[in-house]
Amino acid sequence: MNAYILKILRGFWSLLVGMKVTLKYFFKKPVTVQYPYEKREIAPVWRGILNQLCDAKGVELCDGCQICGRICPVQCISMEVYKDPADNKRKTSSYIVDFGRCMFCGLCVEACPKKCLVHTTDYVLVSYERAGMVLGKDKLVKR
Amino acid sequence: MDAQKYLNEIKGRFPGTADAAPERIKDGVPALLCPAPFLFEIVKYLKAEGFNYLMDLCATDYRDSLEVIYHFCALETNVKLTVKVRLDREKPELASITPLYPGADWQEREAFDLLGINFPGHPDLKNLLLPCGWEGHPLRKDYSRKPDQYD
Amino acid sequence: MNISYGLENIWTWLITLIDRLFCRAGLPYIFAYTLEKIIFGVALLVFISISVLFLIWLERKVSAHMQSRLGPMHVGGWHGWAQTIADMVKLLFKEDIIPAKADKWVHRIAPIVVFVPSLMAFLVIPFEKNLIGQDLNAGILLIFAFSSLAVLAIIMGGWASNNKYTLLGGIRSAAQMVSYEIPLVLSVLSVIMLVGSLKLNDIVEAQQGWHWFAFTQPLAFMLYIIAATAEVNRTPFDLPEAESEIVSGYNTEYSGLKYGFFMLSEFTNMLIVALVAATVFMGGWQGPKWLPLPGIIWLLLKTYLIVFVLMWFRWTFPRLRVDRLMDFGWKVLIPLAFVNIFLTGLFMVVFK
Amino acid sequence: MTENTLKDKDGFETMYLNMGPQHPSTHGVLRLGLVLDGEVIIKAEPDIGYLHRGMEKLAESRTYQANIAMSDRFDYVTSMNNNFVTALAVEKLLGVEIPKRAQYLRILMAELNRVVNHILFFGFFAMDLGATTALIFGFREREEALELFESVCGARLTYNYFRVGGVSRDLPAGFIEKAGNFVKMMRSRLKDYDDLVTGNVIFQDRSVGIGRISKEDVLAYSLSGPVMRASGIKYDIRKDDTYSVYREFDFEVPVRENGDCFDRYMMRMLELREALKIIEQVLIKLEPGEILAKVPKIIKPPAGEAYVRTESPKGELALYLVSDGTANPYRLHLRAPSFINLQILQKILTGVKVADVIAILGSIDITLGEVDR
């Protein structure tokens, strides 16, 4: 009988201890962030949308070596390459990344020999149709 | 090497068993290539010898033949042993070890599902990962998928 | 007790006015009486709807803050006060789905059956001494009688949906609510013994000053709170709608307004048990003399305290298992309730 | 199994309940076919494959490095550990030596991910038993760990941090402090966890003695990880079949005897503490150095095969990798701990109640991504 009552009392005590924890957090400051109004800080190494860099004069650094396209595990990078007769260099006439397929693994950035492909901290990729996630040179090249 | 002792023992007991190309095996665990009809007996022997833990069961398609690989471990002594079985590609059949290691159940079903290896003696050999009525065995090297509605 | 302020004065003034007007017009008293009751009923309905909307909002806020979250913050401006209203509007516009193999009429009636008894129970609760639908002699019995009707609707809903999860939920709820009625009534019984009346106003007046039964009958109070939590299907006793086990229990197949009714009745029931707890154990509409607030304010403050405790339970505890729930009800609560009754009786005989 | 072919012990009709694939607490798309007598289960049949993505087949057409990126998706809760085993397997085939700092970083990340997994387990297990707040608490702490991961590798879930021969990035400035603070914070939060859930009488009532797995069953069904150790078998691959540099760290392998849901829960809570201990030791031992060994740009391991086992938070995560000398693996087989641990359900679910099914399933701690691959 004693053990029975003791068991009940101990049970109630454990419940009270649990309630203390929730009450403690009831009066603490919430940790959530009200997303669209305030945004949390993103690490500078964030693997977000890709960007192509240009040199100081605004000329693209990319020479269309295709390594990024080949290393991509999901084959989301495609480009068209031509040889510029003016300075006899390879250049890309189009450079398309399908972010609907991209898994942001970052292998392309690591593989780029010219170091001209970089991640940005931009993660907003919302669009009304799938084609909106396919970004071409106009969006990717940062001059 | 402790496992080598068991290997020699098995090679003496069951004719036809041999070492499986040691230069190929990079993880340092001795491997045994045994003929399919003896497999159940060998596994039974291994279990009696203290290899109480079946780490893994998987199968590979080597284009000319199928190979089923068993990784055993004796938890007390930490001795590991690999057993391999070559199977004919046309009609692969291998006695199920589910009666000895119930944990082989789903792994055998997976091999049946993805590589088409038949395990007579398995209590409930049917599709596991693929949908019912799927044709072909995807992990075989000559598998080619028919285009479906999503292509 | 002589409280000369509060809502009841307005109410008495209003009914006297109506009585006089009808008398002047030469109509029999029964018309005036009916009109008064209709006005009271409508006021009650408005009060309940607003309270439920507020309770749902409160539940979200309490749960959010206990979990280090903020809860709804956007709709309506200040701390998302209009969120529940928006949700109710959404529920209104949702498609009403009746499963193809359901028992259609029972499926349709169940939400009404669940809501009506929970409304009826409000009739006898004294918000202030004279602010009461009908001060019945058997007031507290009426409340328990009506609140036990809810199980009927839950079984109806669970069975009629023709879904195995709803059926499980319905059966669970039947077993649970029937067995937790007993400690619920038994815990109040000791109070009734002390008061000697089933009239709620008598119980309230027996607790004048600070002689709350929560202090003089702590065991009964605790038993009541536990049994009431089970009675209104809230965690840790929310087995009929255990969302991690049987999806949503008896209301799995309900949508739109019908689901809204189940939701509404759940919170109404919670309000009732909290009101009863405040009335029976915490002095009802009486407040301390030095702070002259209307009685209804005191009652609601006490009620919301109980409601908060119920919410606090919900967001702290895991859920019991069916058989353990029965064990707890029959092997712990009921014996304790009997012990309490016995001790009360002994006390009454000794210190007569 | 068709409906109502089984009778209960009194010869009455039984009820066939399809639990899943869409169910709030089957942790994804697991389907359990339950034959019920009232609320008691007569027969249970798990059905998997709803999330089958053919990862083993996909692996055959991807390079080794891309396979590490893909291994994030095996078990999306413990991506670092998946990376670890994939990298280890490739390195075993290649036979490269990993720099010291990279080894430490790998262990740091793997243990941090173990903490994350066990926090999530805590949350989900409590959630399965009805304690919603614990889930949010779990996610709150996980968030802190994810921020650490984010600052190191730039992603929050699919890290792709490991490289063949090392790791991809060095730690950012201030990481060691932040990680130290995380460990301290986690220790204090663990006390809250214990107060809120572990000690709770209802929680214990729901989990003690439920879903007992005997030692013999553990061995027969090849169960691994915390499930194995909760049944009294003290075997941890990190200790008993060590890999990487786990030998240098001082940690206990907790073991419990009963093998019920509560012990499996406690195992994780104890392991979490051990993982925190390892993290602290790594943070102290870290020295500047190389993080990537010299490996060729295009990895082509010599023909061969290797079976590499690691201790993932869920159990023995092993990779059987066959190379034929080309840039893609010839065969990649994943020994998924969730997949093999899940088999025990057929056996232990008979005779328990519907509510216990959820508790048992939760206590085994599966991720459907890994079960179906």
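Which chain is which? They are A, B, C and D, in the order written, and residues in each are numbered from 1.
Keep in mind that, in the parts below, a residue touches a chain if its C-beta (ideal position, glycine included) is under 8 Å from a C-beta of that chain, and two chains touch if they have at least 3 such contacts.
Being a predicted model, the structure only gives us computed values, none of them experimental.
**Q** Considering only mean CA positions as chain centres, point out the chain farthest from subunit C.
**A** In terms of C-alpha centroids, the chain at the greatest distance from subunit C is B.
**Q** Counting C-beta pairs in contact, does A-C beat A-D or the other way around?
**A** A-D
**Q** Roughly how many whole angstrom separate the Cα centroids of subunit A and subunit C?
**A** About 50 Å separates the centre of subunit A from that of subunit C.
**Q** Between subunit A and subunit B, what is the separation of their C-alpha centroids in Å?
**A** Computed from C-alpha means, the inter-chain centre distance equals 41 Å.
**Q** What whole-number Å value describes the gap between the mean CA coordinates of subunit A and subunit D?
**A** One centre to the other, that is 24 Å.
**Q** Suppose each chain is reduced to the average of its Cα coordinates; what separation in Å results between subunit B and subunit C?
**A** 64
**Q** Two-or-more-chain contact residues of subunit A, please, as numbers and ranges.
**A** Residue numbers touching two or more other chains: 15, 18, 21-22, 25, 31.
**Q** Pull out every residue in subunit D that's touching 2 or more other chains.
**A** Residues 133, 137, 140, 196-197, 200, 202 of subunit D each touch two or more of the other chains.
**Q** Could you tell me which residues belong to subunit C and also touch two or more other chains?
**A** 66-69, 315-317
**Q** If two chains touch, include that pair; go through all of them.
**A** Taking the chains two at a time, the touching pairs are A-C, A-D, B-D, C-D.
**Q** Along subunit C, where are the residues that touch subunit D in the complex?
**A** Checking each residue of subunit C against subunit D gives 63, 66-69, 164-165, 168, 172, 235-236, 238-239, 242-247, 315-324.
**Q** With touch defined as at the start, can you tell me which subunit D residues reach subunit B in the complex?
**A** Interface residues on the subunit D side: 48-49, 52, 54, 56-57, 92-93, 95, 219-223, 233, 235, 240-241, 303-309, 316, 318, 320, 322, 330-331, 333, 335, 339-340, 342-343, 347, 372-373.
**Q** Under the stated contact criterion, what part of subunit D meets subunit A in this complex?
**A** 62-63, 65-66, 69-70, 72, 133, 137, 140, 143, 147, 150-155, 158, 160, 168-169, 172, 192, 195-197, 199-202
**Q** Using the touch definition from the top, list the residues of subunit A that touch subunit D in their complex.
**A** 10-12, 14-15, 17-18, 20-22, 24-25, 31, 42-47, 71, 73, 103-107, 110, 119
**Q** Across the complex, what residues on subunit C touch subunit A?
**A** Against subunit A, the touching part of subunit C is residues 62, 64-70, 73, 312-313, 315-317, 332.
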